[in-house]
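In this document, chain identifiers A, B, C, D, E and F correspond to the written order of the chains, with residue numbering beginning at 1 in each.
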Amino acid sequence: MFYHVQSLINPIVADEPDPSAANALQEGLGGQFGEMRTMMQYLFQSFNFRGDGVPYLDLIQGVGIEEISHVELISKTISRLLDGAPEYNGKKFETPGAGGKATMDMAKEQQNPHHFIVGAQGSLPVDAAGNPWSGSYVHDHGNLVLNLMDNLVLESTGRLQKCRIYQMSENKTLRATVAFLIVRDEAHQAAFAKALETLGVDWGKILPVPKFDSSKFPEVKRLLDAGIHREQYHFRLDSSMMEKIYSGPSPFNDGTELVTLKEPRESYPIPMAPERPEEFAPGLDAELQEMADALADFKDKMLNPKSPPATKSATKAAPKKKS
Amino acid sequence: MFYHVQSLINPIVADEPDPSAANALQEGLGGQFGEMRTMMQYLFQSFNFRGDGVPYLDLIQGVGIEEISHVELISKTISRLLDGAPEYNGKKFETPGAGGKATMDMAKEQQNPHHFIVGAQGSLPVDAAGNPWSGSYVHDHGNLVLNLMDNLVLESTGRLQKCRIYQMSENKTLRATVAFLIVRDEAHQAAFAKALETLGVDWGKILPVPKFDSSKFPEVKRLLDAGIHREQYHFRLDSSMMEKIYSGPSPFNDGTELVTLKEPRESYPIPMAPERPEEFAPGLDAELQEMADALADFKDKMLNPKSPPATKSATKAAPKKKS
Amino acid sequence: MFYHVQSLINPIVADEPDPSAANALQEGLGGQFGEMRTMMQYLFQSFNFRGDGVPYLDLIQGVGIEEISHVELISKTISRLLDGAPEYNGKKFETPGAGGKATMDMAKEQQNPHHFIVGAQGSLPVDAAGNPWSGSYVHDHGNLVLNLMDNLVLESTGRLQKCRIYQMSENKTLRATVAFLIVRDEAHQAAFAKALETLGVDWGKILPVPKFDSSKFPEVKRLLDAGIHREQYHFRLDSSMMEKIYSGPSPFNDGTELVTLKEPRESYPIPMAPERPEEFAPGLDAELQEMADALADFKDKMLNPKSPPATKSATKAAPKKKS
Amino acid sequence: MFYHVQSLINPIVADEPDPSAANALQEGLGGQFGEMRTMMQYLFQSFNFRGDGVPYLDLIQGVGIEEISHVELISKTISRLLDGAPEYNGKKFETPGAGGKATMDMAKEQQNPHHFIVGAQGSLPVDAAGNPWSGSYVHDHGNLVLNLMDNLVLESTGRLQKCRIYQMSENKTLRATVAFLIVRDEAHQAAFAKALETLGVDWGKILPVPKFDSSKFPEVKRLLDAGIHREQYHFRLDSSMMEKIYSGPSPFNDGTELVTLKEPRESYPIPMAPERPEEFAPGLDAELQEMADALADFKDKMLNPKSPPATKSATKAAPKKKS
Amino acid sequence: MFYHVQSLINPIVADEPDPSAANALQEGLGGQFGEMRTMMQYLFQSFNFRGDGVPYLDLIQGVGIEEISHVELISKTISRLLDGAPEYNGKKFETPGAGGKATMDMAKEQQNPHHFIVGAQGSLPVDAAGNPWSGSYVHDHGNLVLNLMDNLVLESTGRLQKCRIYQMSENKTLRATVAFLIVRDEAHQAAFAKALETLGVDWGKILPVPKFDSSKFPEVKRLLDAGIHREQYHFRLDSSMMEKIYSGPSPFNDGTELVTLKEPRESYPIPMAPERPEEFAPGLDAELQEMADALADFKDKMLNPKSPPATKSATKAAPKKKS
Amino acid sequence: MFYHVQSLINPIVADEPDPSAANALQEGLGGQFGEMRTMMQYLFQSFNFRGDGVPYLDLIQGVGIEEISHVELISKTISRLLDGAPEYNGKKFETPGAGGKATMDMAKEQQNPHHFIVGAQGSLPVDAAGNPWSGSYVHDHGNLVLNLMDNLVLESTGRLQKCRIYQMSENKTLRATVAFLIVRDEAHQAAFAKALETLGVDWGKILPVPKFDSSKFPEVKRLLDAGIHREQYHFRLDSSMMEKIYSGPSPFNDGTELVTLKEPRESYPIPMAPERPEEFAPGLDAELQEMADALADFKDKMLNPKSPPATKSATKAAPKKKS
């Protein structure tokens, strides 16, 4: 059974909209090796798990739970990169197409016009070439060794593709999220490589994939310095045996140590996205808005939100907020 | 950010394996109107939400979080229905195909042979006709009114299809899960219908879809008597404004009242699935098993599990177990 | 612009339900070489037609209009073959699953369970293996010679597959429709072969495909005797130049003559399909039915229907009925 | 059974070619909520209709027949927007690539190069992201209430997406068609909302979706002034009970009245598209053209066409032309 | 550049037709981890290879060339398993459906009716659930380490699935081919594992996947005894550096040695498949057959065939035949 | 059984990188009528061939074998067109994104960003709109006449699309390959047209499609002058009866003669592609490279390659090299 806090696993950093950066990032969300796939692959492997290897189950499932939060993060990053794109470069407009002006003219020239026609400047469950995500991406072989190997290939590809996407844009919104995912994919490579190490494999020096010094990417370096490439979280409200595997020397044979935690040390507020009249989003005209407002005092609560600001620990008896 | 407890939202009831029942149930998991779609549709709508209508956001997202637990439940139900099918009807065998016997002969005649060739008698992200789930199923129109209407159609179709599947098998494992989903889909119809009611719609007597007395299905009746068709859970560890919408008279105009809770009143243990040697699942031979066992004392923990038995409330400061 | 009469191009012949025959016939509806494809291929070729070769346009478009009526015919045939299948072999039931009986137990063993879970014992836009129809089936090369050749291959494949389906069932409902389509596909082969003959090709003796004496199929023989394998209809309410091509000696070099008509010499009543409570179809409970009935006197009209019985000519000033 | 007149339901307005506008419009043709889907969805619902609710059948089927004419209109609009694009901006050329010049160089930079490689500057059965249309888009739940709700969501999405596309281009060819479709989608929303109103729903003020004053779009305003957003046509050559539903006060509760007609008050000539040598379309060299011309006197008829000029009523006893 | 000999890499063993065994085997041909995928994956990796690691290129490409012969073998095996299925169990017929008999009645009940409707009792490029093969199965990451890991996962899955299929049928035609592929997939696992070993990995005891004694399968044992699970062929007519990698101790750490050869030690005749009149295959009636025969003396050659009987070495200066 | 020489069937001509030209060319590789389809279609038709019409089998299979070499050629051409694109126009960079520079910024604006994110500036099994290749493209009707007609349509479409692509770019790398394929598609049209001619068809003047003087394309003219549009190769190491069909007067009725050869008169060296650090291709860091180098003397062999330079005849007893 699953739970949620309205917090992000990494902050959304502000920058200008950039629709083609948003489209490249779709690969990380809805691509064959993106977060939707990792999430569903690990959940299916967990739900169909056989035998009594609970530490292996808890490892796979724990990573899978994190991936839902990655889907959340990358989805919101794409949405932010698209948000307001028609007004980009100083263009402004107020009402949808009033007087017949083509206020979203730029939209039809973008990599994926669906971002503007189908979605309302939001993320889509598709890849960077516009192909919808497919259930055939999910591999659950029902064989523990093979699943671990497949997962290692998956995380390796994830990190490889994100390292390529990193080099495609200097947009800070994109970079903050991509850098975080590069680091987490390295932690997840460590998870599955370590699990195979417990069964006798010695990886030598081939990991992580790609093999290069990612601290050359400044946004990545800050995260490496904080050590989050060697942490794994289990996100379990009851308890987890993940640490039986995810601890001790890194399987990359580089002298580092793996650490299992319940959850990330920090979590971050979720920015509210503004209405976009040119997209008819959210679509409430004055009359309907009035009715929505009449949901008693909810606006009050908006002004005194209890929704989470940046928190140190997203959960506990009472989920603890960052002070 | 998402969390997990190793408990189910409804119990798995024991019965004989039934591969064709398992296949029919795949529609509820990976079908165009199944739980994978509801889960992803509501999460995308939440992550891309625009404007300050927080109660609407919390309603959509809260239902979405529940759907992840439905994916978990239905996946495990399918797995259970398939588990051991080749040995069904008194057939027994010990080692995979020893001496060349076709111990899984029945598998190639099943509705979806992938259950035995690709998976290891486990669930797949496909529908009852074997088509893989597609990202194109996810509708996020970016328009609040339209999203609510679309979600209502989705839940109505979910309940309709499950009422049909109910009539296709008397297997208790299938029935327990299907009956639960029929009831929850009714609760979700109420959620989206009520949200549209706050914007001025009066549904008259057309809901729920399909319009019939589902208490004629005995397994459903027990759940209706417990009132869970009028409850909605927000599954939030911080707080939720869902109740601003999901409370008061049912939008079905039938005199019932809606109730918002943090989580279901009960949760249930997750049964461990046995190894299946004929599927090479999990795939550890004696040598590898020994290494896996050498993960120190984890077998000890297996004998004294802290993993959740049936619990009343799956979470709280410390997730409270059922006593 | 398109018009309709509520008549069929060939009669639905009564027989027992047969779900696997229905599934085989899906190939003729939603298969890669089925009627949905012919319909869309010829319409796209017509809408995108270039140049002043109006007789060629009118030929392609005229066949395309007929194909919509084929989609109608085959869809209704499939629906009829499925209708009531759960009650087949003497089983009877009244209310959906009352008391928990698995009244649609047979449904989950059928070739495509979607016929019972997704549709209500009706046709689907899929092929006999359950794959949804795809826009990629439609070929419009924008080159007249190539389009005509492609269309000839399409009609040849259509006739070939239907000749195979004919041999798969003795069900009269299936046979009546399949036999008609075998004959019409031969007429359409003649259409495109003749068009290529006007550009200089001599087909020798290779046509029609498959090359065999289809009068061995008794249901086909009756239609051949009526000569409808050498007729083509233009279905145009204004006028058509189709006859410039579709007339004179058959391109099969067999001594027969081609004839262009406005429409088939006969049309046939469309049988009403009964409600199916186990499918919640149409889904009106007593309360809703009362409201539907309150649409004034429409029941009256039901009792004195003006909807078409078998008609000789489906259209004219006032569409003439068969006497 | 279906018929055709060689007329359009709305005129094609002349303007410069615009390939990216053409591509955006593909969403309205081959997109998940485009005209191919509405057409096939309503036809399947009609062909599989159960029960004696003939007014509901006639409403769904009548709208479905209109959608075929929408496919025709939008297909021809896209074709027109692409037609001659390689020569755009003053470039001219005569023979395909003579001397090796890259006369279609611009084509490979377009949103969907298939418009030039696969088609001959014509429409395709794909969406704005290049995905082929899929049979899985078609929803026929076999439950009347649910089908009506699904159809309402479909028309709402259609209007929403077209309002977005409207804002993406000032091209007059695109705008004329899009404006017409915005208005017709509103009429179709009224159709399905009204049908649900007969079963007891009161829509309050949430319709149409999107909720905004579309008369701000000048091309739309002209059509609203003509009242065609409150008309529905049945396109039946025999007779229809559509009016039992589509009449009386609009379900949008805005004081307007619905009107059922046999067909639109006007229809419009279909422009002939020129040959495009760089696409080898239609592909007849001099020798073949001579043979085509030898189809006797058909060129004569070309000079004295009986094909329809703008007509008031496209059909009648003898389809009446506008005088 | 590619060449061919009309010989098979493993013999087709005779047994009764078995359509459901044929369908299970489709997974090995057109499945996500089947031979079409291995073939295309290795060819794409070879054609896009970067850098000067020629031994790695020659290894990947060499395995890829073998996979084309596997596609040939498995395709012919499926075809053989289907061949004559309608006549199975003593049924006989001579002319297609003469007198209207449903001579292919069994066909519509089979796992994939396409084997009889679309193909003529031949193999299809689809998997065991009827899904067409997809280009998205092909992984070429452009990173050598990752490609080798991906290929290892691919071969492991191939062997796992074939071990499962082995247990699904005792049909000798199926078993001969499946046993051969189990053994070859083990050789290919060795190929990619060894390549990673040259880069520093020690696989311990986890390979091959699945980890079990496949000599328990009698048909497999014969091939293991012949040692072909430790051979790899380069199939190059010029020369290859494959042996730089594929030699020395097996990476499975089991004391065996790897051997590189030009080609298999034996090759086998390709059986001719008979005509099937009920499928209109090949489709030549008497008149056309006469023309085909008039291709001079080719029948003569049929009687004195130079087409290859079982050969020891399929190629050499002059391809040497087995004596 | 299949063999390979490391030579190309046509040379790769050097020119600047051009990613959009590469993308257009993808249609010829992974498009519905591209080389992957021709290859798989002819191989499936060969493997499933029925009856004793060996010359027809040898013709279809022989063309199929050539198509594998076309896949190789076009794949390498696309790779070459992409290679180094991020450095195009004078931009230079050394290490991947060092210091956070967006060195692949151009990549996200390209037609298919997958060329840079998923592949490493290499070809993909997709079409020019980014859709993955599908097994449903492969047509094997199991009827000889129909297969020949389908193949003729396929080759005609291939030539048509390549003639259009030719006009889209003056890039010499693209043109050399496209011109070759135009000419070979004409030879293949001749193959299937001639086979149908042996069964009695007279094609008059409609072939080849498209009907135009392709010698106006200078790169094509050179190949026509060499006569390779009237040659067909059987690529068989044993023997072939292809010549029984592919000889004598061209079926285009233009006075030319067809010639069957074992293989092309010349073959060409395969250029090695450089590493691309920004893509982490091949992905060996210094440490791994050292291990790879330690594969004994393979670098030596690199300096004294025995891999084929341009050869006259790629094979023979001992494959003959060009002198």
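Convention: a residue touches a chain if its C-beta (ideal position, glycine included) is under 8 Å from a C-beta of that chain, and two chains touch if they have at least 3 such contacts.
Note that the structure is predicted; figures quoted are calculated from it, not measured.
Novice: Where the contacts of chain A and chain F overlap, which chains show up?
Specialist: Chains touching both chain A and chain F: D, E.
Novice: At the chain C/chain E interface, shared numbers over all numbers used: above half (same) or below half (different)?
Specialist: different
Novice: Which chain has its C-alpha centre farthest away from the C-alpha centre of chain B?
Specialist: F
Novice: With centres defined as the mean of C-alpha atoms, identify the chain lying farthest from chain D.
Specialist: Chain E.
Novice: So, what's the distance in Å between the C-alpha centres of chain B and chain A?
Specialist: Taking the mean C-alpha position of each chain, the two centres sit 23 Å apart.
Novice: Could you work out how far the Cα centre of chain D sits from that of chain E, in whole Å?
Specialist: Taking the mean C-alpha position of each chain, the two centres sit 49 Å apart.
Novice: Could you state the distance in Å from the CA-based centre of chain B to that of chain C?
Specialist: Chain centres of chain B and chain C, defined by C-alpha means, are spaced 40 Å apart.
Novice: Counting only residues that touch at least 2 other chains, which ones in chain F make the list?
Specialist: 32, 118, 126, 130-132, 134, 136, 141, 143, 145-146, 160, 199-200, 205-206, 209-211, 279-280, 283-284, 288
Novice: Which pairs of chains touch one another in this structure?
Specialist: A-B, A-D, A-E, A-F, B-C, B-D, B-E, C-D, C-E, C-F, D-F, E-F
Novice: Touching residues of chain E toward chain C in the complex: what are they?
Specialist: Touching chain C: residues 95-105, 107-109, 112-114, 116-118, 126, 130-132, 278-280, 283-285, 287-288 of chain E.
Novice: Mind listing the chain D positions that touch chain C in their complex?
Specialist: 1-9, 30, 36, 40, 43-44, 47-56, 61, 65, 68-69, 71-72, 75-76, 79, 118-126, 132-136, 138, 140-146, 198-200, 235-239, 241, 244-245, 263-264, 267, 272-276, 279-284, 288, 291-292, 294-296, 298-299, 301-302, 306-308, 314-319
Novice: Flag every residue of chain A that touches chain E in the complex, lowest number first.
Specialist: Residues 32, 131, 134, 136-137, 139, 141, 143, 145-146, 149-150, 152-153, 156-157, 160, 196, 199-206, 209-211 of chain A touch chain E in their complex.
Novice: Which residues of chain D touch chain A once you look at their complex with the stated criterion?
Specialist: Interface residues on the chain D side: 20-21, 23-24, 27, 31-32, 111, 127-131, 160-161, 163-170, 175, 205-206, 209-212, 216-219.
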